[in-house]
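Labels run A, B, C and D following the written order; every chain starts at residue 1.
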Amino acid sequence: MPYKHTFRVHWVDTDVAGVMHFTNYLRYFEACEEEFYRSISLPFHDIQRSYGITFPRVEAHCTYKAACRFDDFFEVTMQIHEVAEKTITWEFRATRQKDGKLAAEGFIKCIAVNSEWKAVSLPPKLAKTIQEKGQ
Amino acid sequence: MPYKHTFRVHWVDTDVAGVMHFTNYLRYFEACEEEFYRSISLPFHDIQRSYGITFPRVEAHCTYKAACRFDDFFEVTMQIHEVAEKTITWEFRATRQKDGKLAAEGFIKCIAVNSEWKAVSLPPKLAKTIQEKGQ
Amino acid sequence: MPYKHTFRVHWVDTDVAGVMHFTNYLRYFEACEEEFYRSISLPFHDIQRSYGITFPRVEAHCTYKAACRFDDFFEVTMQIHEVAEKTITWEFRATRQKDGKLAAEGFIKCIAVNSEWKAVSLPPKLAKTIQEKGQ
Amino acid sequence: MPYKHTFRVHWVDTDVAGVMHFTNYLRYFEACEEEFYRSISLPFHDIQRSYGITFPRVEAHCTYKAACRFDDFFEVTMQIHEVAEKTITWEFRATRQKDGKLAAEGFIKCIAVNSEWKAVSLPPKLAKTIQEKGQ
């Protein structure tokens, strides 16, 4: 089952057009990812401490379908698209709570790097956990 | 010739990994787009006043190649990828000034909407200007 | 009793020093204010619709005592400092949940303006509600 | 003479009220401070490398006088208010270029800390340089 987390559009998230700025969807997608890792008891810092790796982003994509405005609740769902040797790709969907309309959908691709920012293979145990929990 | 504008990574643009947050490249791409329209004497507000249209984003994409850090200068170049009936797609590249390395590249697709946020055809004169100046 | 709301430091909130950027405390203070108004069934848009007023900020102040870092939970408490003829001043405190240390405290002063951004007296009923609920 | 730097209000800086969000003035004040240090050939990283200190903020204050909107140019001026044993306090003013109106003014107080975030005395040579150049 996709992981879900609900967010609220804050005043500072909006722009002069009256809608949430397009880059903030990607920020909330990342915030959802943070919550997911916490929900499986693997906050980023633990991954860093246990495995010596972090996950810089190598690709991000988003399409915008309907605007979210100040005060709107929206639900972000995320699901594994692919766990590859060195990369993890997450799919995200943001749905407006008031009418169930899809607001935005996209993906973020992360790469495992060591402390020198060199790409490394995902530790098999970590890859398996993410694959299983992120389905 | 692509339009070019140079930006600086500010402290607030960075994150705990010591690099510019991935969503800020898209923010600077948009800032470059704003500068482009000013450079052809067509700031967004004039387009709104003259043609009654604005350009919400319908798609954004970015791949990340090399990190920009605090204080780094980076040059953003932008060029028309496509001017369609109702949409404009811009390609962007961010290059680190100190070593000429490509930091990020991507595109942003905008749609012309009227004051009720209904998609409308681009006014031919505006489409022509953007096509010509954005090459 | 002060109104309370708990927030989490997101990755994007941090900077290269590894701590939450100082301006983000004020952003979360404002987010707490938004939640307060919702909690008394008076979201900003309802105030705007019912009374024709909005609350631009005329003053903001914050002192920083201890850093919040990525993943930290912090509790924001807010309480009325003063409801004057045209202004409302809120006091805020952000406390780190893990050790109960005060992270930051400050205030935000808002002014009631009409649709032309002219300062106006607070409607007595609204002033009374805010005074009572915000204590 | 106060140090001056001109900035532009970007789309992402605005909010649903159509004006620059109040926290962004403090962000631009900090950006101005960054430019100042560069202008005297002392970018933050050099201060860190040469003296082993950084400057977290311990206090920030801003009053808002007139709104800046999308596309507005505004000039930030900064000047030393006080160089104390361990702290530096900068005063800032943001002026709208189109009409010369004061938009916002405030101050930011920074403290010198070593690599363990312990407050330390400002190196006399650095204090003197900042005092002289920041007047």
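Quick notes on this structure:
Keep this in mind: a contact is a pair of C-beta atoms (placed from the backbone, for glycine too) under 8 Å apart; a residue touches a chain by one contact, two chains touch by 3 or more.
Fair warning: this is a prediction, and the values are worked out from it, not measured in the lab.
Simply put, of B-D and C-D, more C-beta pairs touch at C-D.
Distances between chain centres, each the mean of the C-alpha atoms, put A farthest from subunit D.
Mean C-alpha position of subunit B lies 33 Å from that of subunit C.
In this assembly, the C-alpha centroid of subunit B lies 27 Å from the C-alpha centroid of subunit D. Rounded to whole angstrom units, the spacing between the C-alpha centres of subunit C and subunit D is 23. Residues of subunit D found to touch two or more other chains are 11-12, 23, 27, 30, 70. Subunit B meets subunit C in the complex at residues 11-12, 14-16, 18, 21, 23, 69-70.
Those residues of subunit B whose C-beta lies close enough to touch subunit A in the complex are 17, 19, 22-24, 26-27, 30, 54, 56-64, 67, 117. Against subunit A, the residues of subunit C that register as touching in their complex are 8, 10-12, 27, 30-31, 34, 38, 43-45, 70-71.
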